[in-house]
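There are two complexes below, and they share chain A, which is joined by chain B in the first and by chain C in the second.
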Partner chain A sequence: MESLVVETPESLDELVECLKRADKNTYLLAGGTDLIIRMRRSKIYSGKVIDLSGINELKKIKEESKYLRIGALVTHSMISENDKIKEFFPALMEASSQVGSTQIRNRGTIAGNIANSSPCADTVPPLMTSSAKVRTINGKGEIKERDIDEVVKGSGFNYLQKDEAIIEIIIPKLGNEYLSAFGKLGSRTAVTIAKINGAILVKMDSTGKKIKKAYVSLGALGPKAFRSKIVEDRLIGKEISRQLFHDLCNSLIEQVDLAIKGRSSHPYKREAIKGMAQDIFIRLFGSGVLENEKK
Partner chain B sequence: MKKNKLKYVGKSIPIHDVTEKVTGRLKYVGDIELHGMLHARLLLSDIAHGKIKRIDTSKAEALPGVKAIFTYENSPNTLYNSHVWLEGMEIIKDERLFSDKIRYYGDRIAAVIAEDAKTAKKAVDLIKVEYEELPVITDPEEALKEDVVKIHSPGNVTFSKELECGNIDEGFEKADYVFEDRITTQKQHHAAMEPHVCIAAPDPFGNITIWSPCQVIFQVRLITAEVLNMPLNKIRVIKAPMGGSFGGKGQPILEPICAFLAKEVGTPIKLQMDRVQTIIGTRTRNAVIGKVKTAVDSKGNILARDIDILVDNGAYFTNGSAVNMAMAKKYFRLYRIKNQRYKGTSVYTNTPIGGACRGYGSPQIHTITEINIDNIARSLNMDPVELRLKNLVHPYDEDPIGGPNLGNARVIDCVKKGAEAFKWKEKWNRPKSKGRFVKGVGMACSTHGNGYHGAYPDFITMSLRLTEDGGAYLKSGIHDLGCGTVTSIKQIVAEVLDIHPDKILAPEGDTMISPFDSAGTQASRVTFVCGGCAKKVAELAKDKLISYAAKILNCSKDDIVVEDGLVWSVNTPHYKVSYGSIVTETQNNFEDSIEVTYTYKSPSNPGVYSANFAEVEIDTLTGLVRVVDFLAVHDVGKAINKGFVEGQIHGGVQMGIGYALSEEITIDKKGRIKSDNFNRYHIINAPDMPNVKVLLIEEGEKDGPFGAKSVGEIAAVASTPAVINAINNALDIKINSLPATPEKIIKALKEKERTVNRI
Partner chain C sequence: MKLEFTVNGQDYTLDVNPDDRLLDVLRDKLGLTSVKEGCSEGECGACTVIMDGAAVTSCTVLAIQARGKEIITVEGLEKNGELDELQKSFIKNGAVQCGFCTPGMLMSSKALLMKNPNPTEEEIKRAIEGNLCRCTGYVKIIKAVKDVIEG
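And then the complex of A and B:
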C-alpha cells in the first residue's frame, strides 16, 4: 500500500543524509502553511516528507558585521518582531508582518515563502530589491549562494533541485542612507492574499533629499515578482517632492499596463496601485511631503 | 399575585453549554465515534451541466479499506424536495440522492464508504466520470429566454406570482418624480464554523437513528422516510450540538444520503463535508435581480411602488417559491404605500442551490428597496431619515395585502431614537472630506416576521412536568443553533414558575421523545411561537400546582401564594411548602402528576423592525471600505436574554457587512465556482469589524412571551443597505450590484469622473 514517510532530521548533517535519498516525490516541510494545503489539493498520498522543524540551527537570526543571516525556519512572526531587521531592512519586516494571519505568521517561514514561489509571496519583492542571497545545501553537502531570482521560478514553482534545501537567507545590513518600505493591496485589512504588492529600496545622497539609487520590485503582476526598471529609472536622481510621488504613480501604472494589459484585473490594478504607491511613499519619506506641498 | 419585576427574563444568562464548549468537552457530530462506524465522502461534479456517460469506480473499489460505492445506478431514484417540512406541502420535487444528470458544479455523483475518512477521500479522487457536456446557464435572465437549454425538463421558470394593493397606475400618474433602480444581489455562503456533517446508525430492528446538527428534526425524518420509503416511526432524528447554521442546515442534505448508506451497509456511517464541499454543495442565499420603480411627490411622500424580482433558485428548486413569497410579504410591510405591486419570478440556473439563509429573502428585498429609497432621498435633496419618517408604517397598521396585522410595529421609534443616538443629523450634514480617505454615513430599515402564522401551519406541542425536587422538565422539539434557544426557553419557564433556570431540564429535539413541532427553528419563530408555548405550558403547570396546593393546604386557589419555589396560603403565611412537596403529595395522595401537555397555535404574526446606521471610510485610491461606526436599533418587543439579543445583532451585522462588501460565491461563465474556500471567500474578520452598538426598543408585543419578538434573522438585514447607502452618499455614486468590491467602487468613481469631465 502506498504510504507517506516522514523524516525528521535534527541537524544539517542529518538533513544532508535525508536529501541524499531525495527523489521527485520528496517534499520539504518547514511551516507547512502552503505545503500541507498543496498536498491535499494535489491529492498527494505517498512519497517522503522531510520535516525540517527539528533543525534548531535554522531557527535563528544572526548578525554579522555586514550581513544579517536569517535561518530558513525563521517565521514571519520572528521577522516582524526582530529589531535588527527593522533597523536594517524595514521593508522585509513590513512584508512579513502582513503575511496571512497571526496563526500563519507563527508557522510560516521565510524560506517557505520563497520556495513556494507564489506570484504574490509577500517577502519576495523586498528581498529582490536588496542583494539578498539564498543559501542552499544539497544531498552532497554542497552549499550554494544564489539570488532570489535564481531560486523563484514563479507560479508555484522553484528552480531548486530535488535534493536541495534552503538553509539561510542573507541580507546586507543597509546603512542610514538606505530607506525601504513594503506595500500591499489585498481585499481586506488583514488575512488577505495580495492583489498587488511591492517594495522600494532607495539609497539617498549625502543631503538626504535626493535619490541616488532605487530598487523597485512588484508582485502579483505576473508569474513571479520582478524588478521594475521603468519605475526605478523614474526615481533615480530625483528629489523628494510631490512631483516625485506623481512620477512614481505614473510609472507604476505604466508598469502595470505593460504587465497585465488585457486581463480582467487590469483596470482595477492600474488605479489601485496608486494607493499602494502612496502607502510606500509615506513609509519611505513621511507624510509631510504630500501634505505640505499643494497641487 | 405580584409580577411587576421580572426575575429571569431580560437577564444576560450565559448559554447552557458554554463551559462544555469553551473547554472542548462538548461532542459535536464530527467528534462522535461509534463502534464499527465507517466513513463516507461524496463525489461532487466538476462540471456545471451535462449527462453522465460513464462512471468508472474500479480503481476506487480496488483501494484497500473501501467498503462500498454508491451512484445513481445503485441507489433510490425517488424524487424529493428537501425544503418540505410538513407532510402535504405541494411543491416541485426535483432532487435525487445521486443523479445521472449534472446540473451544477457540485452536483452529487457518488458516495464512497471506507474504513476511515482519508481512505474515503482517496477513493473519491480515483473515481472517473465521463460526461456529455451541455450548455451552461449562470445568468438568471438568460434562463428566462425561450430558446435556451432546459435545466429540468418542465423548463427553467419555476415560479411566478403577482401581488398588488391599491391602484398602481393611479399612483404613478400622480407622481412628481419616478425613481428606478436595478439592483443585483449575489449568492452568499452561510459560513458556519462547523461544515455539514451527519451520523446515521441502523439497529437490529430495522430502525435508523440520525444524529444531525439540524434545524428541523421532524423535517429530516419526513424527507429521509420519503426517500428510503420507510415508516416515520422507523427513523429517529436527534438534534446534535451545532457549530452554527444560519439557515445552511435548515434543509436535510446529508441526512437522507447518510441514512441510505447506513441502511445499505448495515453499520453506523459518518458523512462529513469539508469547507469546499460545504460552500459549493449545500445551499446558498438566493441571488436576486430586482427592478424597482417608485413614485413620489415633491414632498417625499411615496405614492406608488412597482417591483420586479427575479430569484435565481440555482440548479434545484428547494424553496424557490417560498423565498420569493417571503420577499413579497416583507415588501408590503415596511412603508405605508397605498399603491404597490410585486412581481416575482424564480428560475433554474446551473449554479449552487438556493435555500434558507438567515433573513430568508429579507436581506435581498430590503437591500433592493432601501438602496432605492436612499437614491430617492439624494435626488430630492432630502435627509433619508426624514424621507423614511414620512412613509414608514405605524403600530397596528394592517397588512395591505391581507396578511396578519403588523402588531406593535415600532420602526419609527427605531429611526428616531437611532438617529439621535448616532448623531445622524450632525454626521449627515458634515461637509464631505476631500482627501484619499472619505467618510460618509448611511442608514436603512427592515422588517421581518415572527413565524409562519398566516402562511403555513404554525404550532408546537410541549410537555412540562414539575419534579419531586422542585425542578421542571420541559419536553419539546427545540433546536439550539448556538443562539441560546435552550436558555431563553428556560428563562421563560423559570419566570412563570418562579424557580431558577438551572432547575429546569429542557433538552433539544429528538423525534422519539419530543412532542411534535410543526416547523422547527425556521422563520424567526422560536422565541415568539416556541417561547409562547413554553410560557403557556408553564402557566398551565403552575395553575395545576396551585390547584393541588389549595387542596393540600386546605384553602381556596385564590389564597395560594407561589414564590421562589415555595407555596403557602395567605391564611397561614408562616407555613410554607416547597413545589417538590406539593408534587410528592399530589403523587401520593391524589395519584396525579403536576404535568401538562399543550399544543400552542401561534395566534398572530407581527412584524419586527430595525433601523441600522453605518459610517464608512473609503479609500478612494484602492476602493477598500471600512465600516468605522455602527449602530443597530431593533424593535424586539422585549429581550428575553439581553446578551443573546446583542450577540445575535453583532453577528447579524457582521454577516450583513460581508454581504455588502465582500462575501460572494463567484461563478464563472462555465459555472465553476472560484470562491470555494475561505482564502477566496472573504467574510468580514475582526480587524475590519466596527464596534457595533446596539439599541433595543422594548415596547412589548401582545402575543409574544413577556412581550418578546424575533431578532435572529432581522439582525442580518438592514446592515447591508445601510453600508451601501453610506458608500453611495459618501462618494456620490450608485452601487447597484452587490457586493461593493473595491473593483466596483473604483469603476464607479472612474465613471463619475468621466461624467463630471463631460459636463
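And then the complex of A and C:
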C-alpha cells in the first residue's frame, strides 16, 4: 500500500513549490484539529500532506493604517488575546475565544476554520459582517483576494483550487461608530442539532443612539453562514431600546422559520435564538437597556 | 521521516511514520504512557501535553509538526525524585479517582500556571474545559489547582 507523504515548507516560496505539484490527493495541514481527525475517520493513509505549520511568516497579526492583516496560521488563542482585534473587531475576538477548548484554540487556525467550511464555523459569521477579504496564493505564485463567500462553499467544502492556500485574512479597522458582537449556543459535537451562532455589526449615527447601518450573519441554519437581510432591515434606523431587542428577536425567529422550517432542529433553534440574541444585544449595547425598562 | 525535538528536557532524533500523531510517538516510541488515548478526536483532553508552553491535544497534532518543539508530559513534571507541587496537590485534595483524565488535567493546569502563576477560578475552569472527567466532578481538581496558587 502506498503511504502518506508529508512535505514541510518553511517559507512562502517553498509553499509555492509544493503547491505546484498539488493534485486531488493533496491536503493542506495547519493546526490539524479538523484535518487529522477527518483523515483518520475516512481512513486516508496515502496521498500528500503539505504541513503549513513551519511557515512562520503566516503566524503574525499586522496592523496597517486601514486594515489588520491576520496570517493564515494565526490561532484562535492568538486572536482571543490580541488587543487590536479586540479594539477594531470584537466580534471576531469573541468568536475565536469561544471555539472548542483551550487545547483546540491553541492549535486551530483562522484559515483552517474558513477552509474547513463547516456550517457552524465560528469565525465565519463575524467575517461575513465586515468586508473581510481572504488572500490566497497558488502554485504559480499568483495572489488573489476574495470575499469570504467566494471561499466558503459550505457543508465542509470550499471553493479553493487544489493548488491554492489561504495566506491572509484582511479585516478593515472599524472606527468608534461601529459596534460588533458574536454569540453562540451549543457546542460543536455534543448535540450538533443544538448549535447556533451569529454575529452583528452596526454603524451608529453621530448621536450614538441610532443604528445607521446593520450587518447580520447567522451560522448553522444551512450549508454555510449567510447574511440576513430580514434582520438587518429591522435594525436599520432604530434607536437602542427594549423595543429594538424585541424586533431583533422576532426578526431572527422569522429568519429561522424561513431557513429551516420542517427540520427536526427547527422548534429548538427558533427558541434558542432568543438566548443568542440577548447575548449579542448585551455585548453590543450593554445590559442597562434591558434592565432599566424592566423596572 | 526524521523528527528532531525535545521531550522533558532531553533532545531526541527519531524516525517516525508520516501518519504518526504526536500521541503515537510519545507513547509507542518513547514509552511515555502518561499520555492517554481517549476519544482520539480532541474532545476528551486525556492526551494533552505541553508544546512550546501551550496545552495541546496530542491526538490532533501530526508527529512531524512537533519538529523543533519542546514537549512536556507528566513524566517531565517530577524533578530530582520529587513530585511537582501540582501533582502533590492533586494527591492531597483527592483530585484523582480512576486516574485516566489526570495526566491531561495536570498538563492543562500546568500550562496555565506556567503562563499565569496567579489564575482566577474562572481562568482555571477555562484552562481545563477541554478535559473531561467522569469521576471526581471537577470540584476537587479545581481546588487542587487553587491550593498550588495559594501555596
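As a convention for this text, the second predicted complex is superposed on the first by the 285 of 295 C-alpha atoms of A that agree within 3 Å, B and C clash if a C-alpha of one lies under 4 Å from a C-alpha of the other, contacts with A are read in each partner's own complex, and residues count from 1 in each chain.
As a convention for this text, contacts are C-beta pairs under 8 Å (C-beta built on N, C-alpha and C of every residue); 3 or more make two chains touch, one makes a residue touch a chain.
Just so it is clear, the model here is predicted, and its values are computed rather than measured.
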Original post:
In the superposed arrangement, which partner chain does A:S77 touch: chain B (first), chain C (second), both, or neither?
Top reply: second
**OP:** Report for A:T33: first if it touches chain B alone, second if chain C alone, otherwise both or neither.
**Re:** second
Original post:
Looking at the overlay, does A:S53 come into contact with chain B only (first), chain C only (second), both, or neither?
Top reply: second
Original post:
Can A:Y45 be said to touch chain B (first), chain C (second), both, or neither?
Top reply: both
Subject >> First, second, both or neither for A:T102, with chain B first and chain C second >> reply: second
Original post:
First (chain B), second (chain C), both or neither: which does A:K274 touch?
Top reply: first
**OP:** Decide which partner touches more residues of chain A, taking chain B and chain C as the two options.
**Re:** C
Subject >> Footprint overlap on chain A, comparing chain B with chain C >> reply: 45, 189
**OP:** Under the touch definition given earlier, write down the residues of chain B that touch chain A in their complex.
**Re:** 64, 118, 122, 125, 436, 619, 621-624, 626, 662, 679, 682, 684-685, 687-688, 741-743, 746-747, 750
Original post:
What residues on chain C touch chain A, complex-wise?
Top reply: 1, 17-19, 21, 40-43, 45, 48, 54-57, 59-62, 64-65, 67, 108, 111-112, 126-131
Subject >> Residue ranges of chain A touching chain C (in the complex, touch as defined) >> reply: 3-6, 8, 29, 31-33, 36-37, 39-40, 45, 49, 51, 53-54, 77, 100-104, 106-107, 189
**OP:** Give every residue of chain A touching chain B within the complex, in rising order.
**Re:** 1, 43, 45, 185, 187-193, 267-268, 271-272, 274-276, 278
